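Both of the next two complexes hold chain A, though its partner changes from chain B to chain C.
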Partner chain A sequence: MNASFRRIDWIARITFLEAVRQRFFAFLLVLGVAMVLSSVSFRVFDFGHGELKFIADFGFGGMFFFGSVLAVVMTAQLFFSEIDNKTALTLLAKPLSRWEFLFGKFAGAWAMLGVFVFVLAGLLGLVLWSRETELLALAEQTGRIPATFSLSGLAWYALLQWLRLGVVIAVVLSISALARTFLFAVVVGSLAVVAGQLQWIAQDAVLKPTDSPLYEAFLWLTTRLLPNLQQFNLGDALVLGSAGVPAGATGEVVLSGLLYVAAYLALGAVVFRRREI
Partner chain B sequence: MSSAISVRRLTKDFHVGLRGVKLRAVDDLSLEVPRGQVYGLLGPNGCGKSTTLKVVLGLVSATSGEVSLLGEPYASPGARRRIGFLPEAPYFHKFLSGRELVRYCARLSGVVPSDLGSAVEKALALASMTTAADRPVGTYSKGMLQRIGFAQAVVHDPELVILDEPTAGVDPIGSAAIGDMIRAMRDKGKTIVLCSHLLGQVEQVCDRVAIMDRGKLVLEGRVEDVLARRDRHVLTVEALTPAARAAAEAALQSHGAVLTSVTHPRRSLEDLFRELVTGSRDA
Partner chain C sequence: MRRHLRWIAPAVLLLAAGTCAEISWRAVRPAIPEIGRKELEPTLGQGVLLGVLGGLRTVIADLTWIRSYVLWERKDRPGCETLMRAACALDPHSRYFWENSAYAIGFDMAHWDIRRRGGYDKVPAETQRRLFHAYARKGIALLEDGMGHAKVTTPLLLTAAQLAELKLQDHPLAIAYYRRAAEAPDGPWFAARICAQVMWEAGRQEEAYRWFRDYWTERMRGREDGFPDDLQRLRTMEEALRITPGRRIERQAWER
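Presenting the complex of A and B:
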């Protein structure tokens, strides 16, 4: 088992190095950073919400959108570059199992997205802290209740987003293991992300009574097969304290995320095992 | 002792297109690759030799038939630990240096950390890549890519090395260097399978050859046996005058032999090229 971990570790390292050297990664990271920084300039257009919420929403949006694009496109690209360039031939002719290759790809891509999420979260924390300090001083002068944010909540939020992107990577890898082309993997992966964001609609529908057992079965299957990506969006509650997070809820989300990662990686490994390189 | 590679009645079909039309790439192929020899697998493009190698390496599955590698089932990690593979037109991560690439492949092949440094240096030296080992792979010429590919294939000291078109696109000097590496591996007792359609090189380095056409084996045997024409002989004579030739013809005729042609011996264009162009651009 140790030998397996070592091989996965080596595949992950090379995948990570390859990923962070790509211009696409740098481009989206710069866009995300620019989005977080620009939130300070745009805060006058806060539409009546608190300034900190406006800034936080910009950061959350950057992490969500650019993170999702990176997770879908880069994962498919990192997988297909090995197949199309035939580096997979060299690697898989070695005593490297296909599941080890797939898990290594997952770990490398997830590490790359870890850099992305935590850089943006760190920057967002800095911007929020800086503005919070100014608002606290202003509140002291005017006697109003100051707006605050939770740094530990932001750290939790970043972890949840990283896990959400981990689920997306696992889904895209399982699609890539089956797909013949990069484009197919990207298109179907993107649709899976959209479906995952809307999965809660199916979850709500399951709770309503229906006469059609077929429809019921469809909903049941959909809610099990598709991960609910919306459940990771606890930003407002965790960072700004807009609503209480029930005890254990975050743990449940983490557990659900990890289970989906494991399930989709296992599915990807089974599919990839049968693939002809 | 079992063969290095044993292929029995191997058939491989690919299903192409939406209707799944069957394309037979390898058709009822049987061959045995003995240990400690250089074995050439020849044939035109699309004859099924690369597919055969991919089946042997477990990269594609056989439709029917049996394959064993060094006495073990062909797709087992145990068998793959004992083989090295250089694919056709290898592509490696361009941002790695040659040394990093060989180190990476050594770790994946199970070389223990204590042996890693010496194994990497030995492989680089065997491939004559020590001086260029710290350059990024992206800056290598085609010949250097093949040589670094060779180094990554042999870094874990495999018993069997499979080379798929190792000299494709490489100039004669680089090609000769690869030939030398193959001979060096054979001298160490390794088995080498060389898949190529460069007949001259195969003739120079291989002990045995198998020729495939349209997925089938059409000829197999020792190189000298399959090439020799037992009913013809070559005499090389210096300072042959017309009178000497006439006398020789008469002498041969008196013994019932017939002189069928007199030509000047030729060296190969490759030999001439190597004689004239002594330095490698890659060195």
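Presenting the complex of A and C:
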């Protein structure tokens, strides 16, 4: 077991280094950082929201949008570069099983997205804190209730986003294990992300009573096959306290996220086992 | 057989993940009120989809609002109403969208509709009255929806009161809204005076005096300059109701 972990760790390190050296990663990281920093300048275009909410929304948007693009494109690229360059053949000729290769790829890509998410979250926290300090001083002068944000909430939100991207990576890897081309994996992976973001529609529908058992079975199957990615978008509630999140609910979200990761990785490993390289 | 057994682990894990997600979704669903609102459905093809998927909802709500204003200038009623409702749905915690959408729907759109039907000279008075009432009711319904979501609700109560008073001419309803606004912790000073005035004009003079007197005694007398204009209004009421000097509000040291 230890030897297996060592091999996964080895693949993960190489994948991580390969990923962070790519221009695409740097480009999207710079775009995300620019988006968070520019939110302070754009706040003049805001209508009636809390200022902190407007700034936070830029950060949430950056993490969601660029993070999703990075998770889909980079994962597929990291996987197919090994296949297309035939390095996968050399690697798998050594005492390295296919599932270890796949898990190593996952760990490397997830670590790269961890850097992306936590850099953006750290920067967002800094921007929010600096604006909150200014607003607190202003509120003291005018006697108004100051706007505040929760730093621990932001940390939780970053963790949830990282987990959401982990689920996306696992889905894209299981698609890549089946796909013949990079383009197919990217297109189907992107569609899977959109479907995952909209999966809650089926989840909501399944809770309502219906007369058709066929429809009910379809909804049930959909909610089991597709991951619910919307449940990770608790930014407003966690960071700005717009709504209460019940105690233990975040833990349940984390648990379901981890189970999705394990399920899609297991699925990818089974599919990849029979794939011709 | 062994080949098929390999699929069992992912299937069981997917089943467990799906079941766990169903439980967690039930718990966190109320914390994401922006999604699943019917108001967003007609606008999904107009750039709102990204906001529904996640992130950037505030920014997209702002852009949607700007676009609704372009349609407001063109007096495009269906387009304007759809986009304004979409902005409310994208950011339901913002008071601004609810309040201004209700103003546009309740005060402006009946006029646009009358002009579209040929103008004030051609449309019968009864139809005009019906249109004003219909749009005012729509505006109040939107405000009621907003009160369930927005963090600050007092301005929404005041807007609803204005619509009930000016457009519906439903004084009991207007009084109820003004009263709620005045009695709210952040109720503005003028809400109580208007509430008493509407009560007075609706023929509920005794009640208006009693309520306004209690309100002034509890919430106004000890604050700032004691609100002399409001006391003056109370004195006028005492005169009109012929209240005996012994039962009137005692004379204030600063009173002229």
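Observations on the structure shown:
To be clear about the criterion, the second predicted complex is superposed on the first by the 277 of 277 C-alpha atoms of A that agree within 3 Å, B and C clash if a C-alpha of one lies under 4 Å from a C-alpha of the other, contacts with A are read in each partner's own complex, and residues count from 1 in each chain.
The working rule: a residue touches a chain if its C-beta (ideal position, glycine included) is under 8 Å from a C-beta of that chain, and two chains touch if they have at least 3 such contacts.
Because the structure is a prediction, the values reported are computed rather than measured.
Aligning the two structures on chain A places chain B and chain C side by side, free of any clash.
Taking Cα centres throughout, chain A sits at the apex of an angle toward chain B and chain C that amounts to 160 degrees, reported as a multiple of 10. In the superposition on chain A, contact is made by A:Lys94 with chain B only, not with chain C. Looking at the shared chain after the overlay, A:Arg180 reaches neither chain B nor chain C.
Put chain B and chain C next to each other and count what each touches on chain A; the higher total goes to C. Legend: residue contacts after superposition of the two complexes on their common chain; A:Leu225 is shown touching chain C, with no touch to chain B.
Legend: residue contacts after superposition of the two complexes on their common chain; A:Ala263 is shown touching chain C, with no touch to chain B. Once you line the two complexes up on chain A, you'll see the smallest CA to CA distance from chain B to chain C is 14 Å. Within chain A, no residue touches chain B in one complex and chain C in the other. Looking at the complex, you find that chain A touches chain B at residues 3, 6-7, 10-11, 14, 17-18, 21, 85-87, 89-97, 274, 276-277. Residues 42, 45-49, 53-54, 57-58, 60-65, 194, 197-198, 200-201, 203-204, 206-207, 223-225, 227-231, 233-237, 242-246, 248-250, 252-253, 255-256, 259-260, 262-264, 266-267, 270, 273 of chain A are the ones that touch chain C when the two sit in their complex.
Here chain C touches chain A in the complex through residues 6-7, 9-10, 13-33, 35-36, 50, 52-59, 61-62, 65, 91, 93-97, 151, going by the rule given at the top.
By the touch rule above, chain B contacts chain A in their complex via residues 54, 57-61, 77-78, 80-81, 83, 85-93, 95-96, 104-105, 107-110, 149, 152, 162.
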